[in-house]
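Several structures are given next for inspection.
You will see subunit A twice below: alongside subunit B first, and alongside subunit C after that.
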Partner chain A sequence: MRKNRLYILVIIAFVIGVGYSAFHKWSVDHVLYITGGVDHPIGCVSCHVYPERDGLLANMLNEDYLSPLNAAVSEDGSRLYVIAQDADLLIEVDLNSREVLSNTKVGRRPHSAILTRDQKTAVVTNQWANNIYFIDLKTKEITDSVPVGGGPAGMDLSVDGNLLYVANTYTNNISVVDLRTKQEIRRLHGGNYPTSVAASPNDDFVFVASQRTVPIEFRTEPMTEVTILNASSQRVSERKYFNSAHIMENVTVSPSGDMAVATMVRPKNNVPSAQIERGWMINHGIGVILKDGRTAQLLLDEPNAFYPDPYDIVIHPDGKRAYVSHSGVDMVSVVNLDRIRSLLADASEEELKLYANHLGMSGEFVVDRIKTGSNPKGLAMSADGKFVYVVERMEDRVSVIDTDVSEIVNTIDLGGPSRISYTRRGGQLFSNAGHTFHNQYSCYTCHPDGHEDGLTYDLTGSGRNLANVQTLRDLYGTAPFKWIGTNQSVYKQCGMRFSRFVTRTESFSPEDLDAVVAYIMRELTHPPNIHRLPNGALTEAQQRGKAIYERTVTNDGREIPEKDRCTTCHNGPNYSNFQMADVGTNKENEDESLFDSPNLNNIYESAPYLHDGSAATLEEIWTKFNDHDTHGYANDMTKDQLNDLVEYLKSLSAERYYKKDLNYKINKGQL
Partner chain B sequence: MPRRFSSYKLFFIVLLLFGCSKDLPHEGKVIFTRLPVESVSGDRINSIENKYATNMEIAMAFMGEKPEHTEVLTRDFISARAPELSFDGSLLVFSGLKNEEGAWQIWTMDLKSGEIVQVTDSRTNCTDPAWLPNGDITFSKMVTDDHSLKYHALFTIGVDGCCEQRITFQPHEDINASVLHDGRILVASKQVYPESGPYKYLALRPDGTKAEVFHLAHATSGMMDKAFENNEKVFFHEADELTSVKFNRPLHSRERLLTGGQIQVNSIRSFDEQNLLLSLKKPDEKTFGLALLSVEDFSREKSYFSDPEYHILEATEVRERSVPRKLPSRVNSDMSSGYLFSMNADASDIEIEGKTAKVRVLGMNGIIGETAVEEDGSFYLELTSDLPVRFQTVDASGEILRGPSSWMWVRPDERRGCAGCHQDREIAPYNVVPKALESAPFVMIR
Partner chain C sequence: MMNARNTYTVSGLIITAVLLFGFTRPNGNESKEEKKSESMPLYGNWKTYGKKDGLPSDKIYAVRADGDRLWVGTNQGLALLEDGVWTVYTEEDGLAHRGVLAIDVSPVTGDVWIATMSGLNRFSGGKFETFTQFNSGLANDVIYSVICDGKDVWVATGGGAGVLDTYTGKWGIYTEQNAPMHEPWTYSICAGGNKIFIAAWGGGVIEWNKETQRFRDYTDPDGEMEIDLFPDDGVVHDITTAVSYSNDMLWVATYFGMSTYDGTHWKGYFDHDSGLASNFINFIRAKDGIAFMCTDNGLSSFNGETWVTYKGGKVIIDGNSAGERSLDATSSISHDFTIGVDLTENEIWVATSKGLCRGEVIGSTETKTSKL
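Let's look at the complex of A and B:
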């Protein structure tokens, strides 16, 4: 009996040993596959816990952060109102005691706040709810809600305080709201992804800056619009284009109205990325519109030091200094505007062209750099000019700069979680350029708001095999990655090759890589699809387009081969089978390649299209690049049918976005 | 019972703490080169020849100690100098001569065990080693080129002597390399063929790619010693004066410190974030000694160490230092060519009438070839890797417009771009697609 037991124990031990050995071998092979053979001490939790959006462990490991974005300071300097984007809150701060006084729940994904002239009401833009809230600052109650365009973001008041101008990011327009009637009285077309508004104190013009380039010809310079409205007529008076600039996140006007200044990024996406040294990939600075109508671009970078992702800009009441937050390098630059005035006063067109690319020019007008906490975003200047409040998004904190000494003299804790979770650490890394040579750019620079910047880059530095930047939103479960599908995981995508070709410096440490991947996979999500009716129903045109998308026969009744149907490659919740395909879009000078079928959720946001960005619109995929029906059987379609198909494509969005839980919280992993 | 358990726990914690604590031998001491005062006069101390002077020793002492307490570390060597400590402070690398017939080699010394290991095995002299962030070593080695010209080129090698490779290929004296926090090597470089101009500092990646001018020396300055970074500035001595440039803008931020000719500066090393360790000779002193100076106030000397019998040079304190960035390499050693393009050959600081029609590539033996530039002034070349080349631009009638340029090279599979020819080095390229890159590169392989 005893002997039998011993045999049983030996057999059990053997089975466990063999089982463990087999499991170990399988897991090592699995990890090698996932990381693409890159030496990375990846554990099970790296993929199976940290990036998870839901589940007990994921919820235990993660926190619900506030992620403040913008702020408004009261005229008397006693209160600061901070938008907490991830928590859907308006936070009221007592600036004397530096304590949070109240948290008011606002709409989904709030963006900005502004106080009415009587200082009694805060107006908040709810970017994912397509409306603005009016909040009584005494009772903290929402007194009114006004629907505006899609994705309302930055705003400003007319000089008399009766009108509110709102930049609607997702629908590319500007709402003019009469604050007396709480009615939207106009909606004007404005650039591509307009995000901020600044009204001139002279009551003559209103400036609206945009994030994305307007549609351009393939392989030409991006051009980003600053829309200028006539303040009297509330009509567009002029559209100024900043060549080779984009991500103009915020704009402001000097107190005398002699210049409007916007933050901007200057990508070198057309330049072969042979090197990163000396600003060969991306520069950062400000765009200026002078009273005489001339425009100028000035870099805030230096030859061996870059100040990426300039986000907000405020001007001191004396009009002599501007403060620019660099969210990618945790810094605020102090800019001497008088030096800029004299620099630009007599500058010729040739000189202005030179200044826009001159990395040494900042030495002429940047007078200070102030180190801040992680990811400084919105700035608010006190009315007396004594303080600048810096909203530190990834710290859940506000820092206070004393403008007399150009130093941070206080910080205000907004009450977010004190623990930095793995995912939060990933967010900090994602938005920081410290992992790029000379801090030239962060992940955010090409993926603003986790999306893409609408540009095509020549990362191989050879003039061929171009890469259209892809969105990072909702990547979970969409492997493989990269247009040519060679990356099985985001670990590989952001690993060693990434540092060789993109960041050109030391690659992420294994821990940092885990954190960045967790952040990308867990936190970055599409906004609600603005082309989809709130109840998920399709419009008539979209229904007709759906029928075309799902058709199996041609207009003349012939059966469409399965490989040429839309649904063959673009199916499932992400509208992709994640297989490689030849859709005939390889260009002559490119390496022959198959392409990964991209997922199509919120595809309307991702122009231009195709792997190299050669199709400016969805239509062009079939009108210009599908001569032989290699990208779906489409050449029998009428123009109306193509329009319907495109309407349907624009509406594509996973059910989770419009069914039942419209009020999900971003961090709860309910996506 | 619980108390007993706690005692055990405490014991193990203490054991663990002791086990974890790092024992850095000789921490706080200063390691330096000393040179007998009679062997060379002070004004000739900073010359190429004296890199290989005899009777030099590497020694160690505390800054405050008397010179007689100095401990010599290289007694078995005929001469040794240029000590550099690894980033963890445990391993010393230096150049040394072990026997009269041999050449100067690179050596390492374990500071704990005292074990000395030969790294290079060269028939020509090797000198001025510096640690790379990945644990390899960069150093200068005397080479003789096809024209029988002798000069130092820069090399890298593994600490175990493996995988030595040359990383600079120009007819330049490339010496006194140090490593910047961004992971690039900063090397003093002077053109020897044709002999031209003063020294300059070149910054390049440890794989020899992307070499570019970091700082141009003052025309009258002699050889430039190792430069060291401290507090966002790079310090070096130029014409015996302590000089600094801002790391962020090194071409236009030169600042002369400790001027006036009273104090002669030799070598400079970074001590910590606030202080520099300088080898200098005071007017009333016979020998170079070591001074610890604050980067905030160079007039305030924190401590001084000298020896009337020896010049004290090239000092470094025993301590841990932060490791610079480990830069990835795109060199593909299976290839024998690299690529170079110019965005616009006519974009230049040198204003000349005429438009570039062709670009001519010159090698050490004359013209390698020439090719037409595109209408936007761009050109795109495939060049033999690791071969020094210069460029001339010529107009349609064959007249030379600009050049020859400085020497440059491409590493195997390296891609390099230039904004223009003699273009201001602070200008980022214009965001246009160079026409030349719409087709294959013009092959100009020797």
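Let's look at the complex of A and C:
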């Protein structure tokens, strides 16, 4: 009996041993597969717990952060009103005691706040609700809600305070709202992704800066628009294009009105990324519009030190100094505007071109660099010019710069969680350029707001294969990654690949890689689809388009081969089968390749299209690049059928966005 | 042997004869709500602008007044007259095609919309943006007419009528597939009375009711006959070339005469029984109750009572009460083939095949003038 027990124990031990050995081998192979064959101390939780959006563990591991973005300071300097983007709050801060006085719930994903001239009302743009709120600052009640265009972001008041100009990011237009009637009186065509507004104190012009390039010819440099409105007619009077520049996040006007200045990024996206070491990948600086109509671009970088992702800019009331937040390197630059005035006063066109690329120029006008907390975003200048308030997004904090000494003299805790979760750490890393050569750019630089920047880059350095930057939103369950599908996980994409091709530095540490991947997979989500009806229903045109998308026979009744149907490659909740396919878009000068079938949710916000960005619009996929029906059987369609198909494609969105609309809370894993 | 078809033809002729001889044709004064101006303006001191003055061509297709500015479409590009200076735009500047067929200006945004022979342009803030059938939902690249109606921009194209919602970027296309059209070829569009009217080749007038979101059509009850068999029974012909709306009245141009529609009654006008310069009408624009018809034989204007026509170097006034009289003019429009017209408070601009003509108000049919 005892002997039998012994045999059983030996057999159990053997089975466990063999089983463990097999499991260990499988898990090692699995990890090697996921990480791309690189030795990496990755655990199960890295993939199966940290990126999870819902469930007990996910809720225990994560926190509901505030993620403040922008702020407005009261005229008397006693109050600061901070937009907490992830918490949908307007936070009121007493600047004397540095205490939070109130939290007012606003609309979905608020972007900016501004105070009316009488200082009695705060106006808040709700970027994911497509409206603006009016909040009585005494009662903290929402008194009015005015619908505007899609994705309202930055705004400014007319000099008399009667009009409000709002940049509608997602619909590329500018709303003019009459504050006396609380009515939108007109909507003007803006640039591509307009995000910021600044009215000249001279009451002559209003400047609106944009994030993305206007549509450009294939393989040409980006051109980003600053739209100039005539303040008296409230019409577009001019469109200034900044060549080779984009992501103009914020714009301001000097107190005398002699210049408008916007933050900007200068990508060298058509240059092989092998030029990173020469400072030729991405530069950062400011764009200037002078009173005489000339424009200039000046870099805030230095030859061996870059200051990426300039976000906000404010100008001191004396008009002599500007403050620029660099969200990618946790810094605020202090810029001598008088020096810039004299530099540009007599500059020839040739000199202006030189300045735009001159890494040594910043020494002429950058007079100070002030270290801040993680991810400085919005800036607010007190009316007397004594303080600059710096919103530190990834710290849930505001820092106070004393402009006399150019130092941070105080910080204001906005009341967010004290614990830094894995995903929060990932967010800090995502938005910080510390892992790239000379801090040249962060993940955010090419993926602003977790999306994509609308450009194509030559990342291989071969000069042949351009890659259209893809969104990082809602990546969970959409492997493989990269257009040619060679990255089976985000771990591989952001691991060795990242350092080899993109950053030219050492890889993220295993812990940092875990954090970055968790942040990307868990936190980055699409905004609600603006082409979808609020109840999730399809319009008549979208319903007709859906029938075309799902059709199995041609217009004349012949059966469409399965491989040529839309739904064969673009099916499931993400509208992709995640298989490689040849859709006839490989260009003659490119290496021959199959391409990953992209997922199509919110595809309307990802122009240009195809792997190399050669299709400027969804229509062009079929009108220009589908001569032989290799990208779906489509050439029998009439124009109105194609229009219906495009309308349907624009409406594609994961059901979770509209089915749980009322219960939506960010960071709660309900996405 | 008489077949059924012939029987119907004979019956039709008998009914026609009864109608023609048995009833008195109502004159213009009896039309229910026809709005009339008290008098008709007379234009004189004509001056012609052409290539010699800075326009890209003498062949003018379209003209549109925009406050202090004037936009002119030619077969060689777009021209802008501002502060007395002509500026010319061509493909090099971003114009979709140098053949500019129609122009409209949004009263809300000030953006200029340009219909060309190969795409639609929005000119805003000094920059052109191009919409084509390849890069957008535009129905067809050959665009004959464009109008701005609030946030919507409507176009009449060779491939149907289209509408762009400038707020959402969404396009709609209306052809014989989804609207009561004979074929997708559309020539002209206008807005008025909460409706959109489309001049559809061979399909008469197509009405889009913005409130009910439904179409209806107005076709010639006489079918494809090139004479108006039964007077005032509907639009005079199914081949419509232009529509315009003013003071609750729809004005419809065809190559076979002109019609008006007050919402209840149609009325037809022809060169043989009215002051209309020619039945072959290229374009029509109505403003403040007066319509201006651009024909192949001069420019006519009409307020429901009095006609004033400019052709052959003469001004012909033909009023119901005054009778016809002709005045010799010291200056006149440069060519009788007219294809576009627009008005400001005191001047008229006429697009002809030999230059752009500008006339000034120098009197009226009541006050007359000696300056003609």
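Following the convention adopted for this analysis, the second predicted complex is superposed on the first by the 667 of 671 C-alpha atoms of A that agree within 3 Å, B and C clash if a C-alpha of one lies under 4 Å from a C-alpha of the other, contacts with A are read in each partner's own complex, and residues count from 1 in each chain.
In this section, a contact is a pair of C-beta atoms (placed from the backbone, for glycine too) under 8 Å apart; a residue touches a chain by one contact, two chains touch by 3 or more.
A quick note: this is a predicted structure, and the numbers were derived from the prediction, not measured.
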Return fit or clash for subunit B versus subunit C, each positioned on subunit A through the superposition.
-> fit
Examine A:620 and indicate which partner it touches, taking first as subunit B and second as subunit C; both and neither are also allowed.
-> second
In the overlay of the two complexes, what angle sits at the CA centre of subunit A between those of subunit B and subunit C, given in steps of 10 degrees?
-> 130
Have a look at where A:386 lands relative to subunit B and subunit C in the superposition and call it first, second, both or neither.
-> neither
Just subunit B (first), just subunit C (second), both, or neither: which does A:236 touch?
-> second
Now for A:647: first (subunit B), second (subunit C), both, or neither, which partner does it touch?
-> second
Is A:171 in contact with subunit B, with subunit C, with both, or with neither (first, second, both, neither)?
-> second
Of subunit B and subunit C, the partner touching more residues of subunit A is B
After superposing the two complexes, the shortest C-alpha distance between subunit B and subunit C, in Å, is 21
Which parts of subunit A are touched by subunit B and by subunit C alike?
-> none
Contacting residues of subunit C [partner subunit A, same complex] = 108-111, 122, 124-127, 129, 133-137, 139-140, 151, 159-160, 166-173, 175, 177-178
Can you check the complex and tell me which residues of subunit B touch subunit A?
-> 133, 182-183, 210, 212, 247-252, 325-330, 339, 341, 343, 380, 415-417, 419, 424-434, 437-439
In the complex, the residues of subunit A that touch subunit C are 149, 171-173, 186-189, 227-228, 233, 235-239, 241, 530-531, 541, 616-617, 619-620, 623-624, 638-640, 642-643, 646-647
Give every residue of subunit A touching subunit B within the complex, in rising order.
-> 219, 221-222, 244, 266-272, 274-275, 277-280, 283, 299, 302-305, 354, 357-360, 363, 437-438, 458, 461-464, 496, 499-501, 504-507, 589
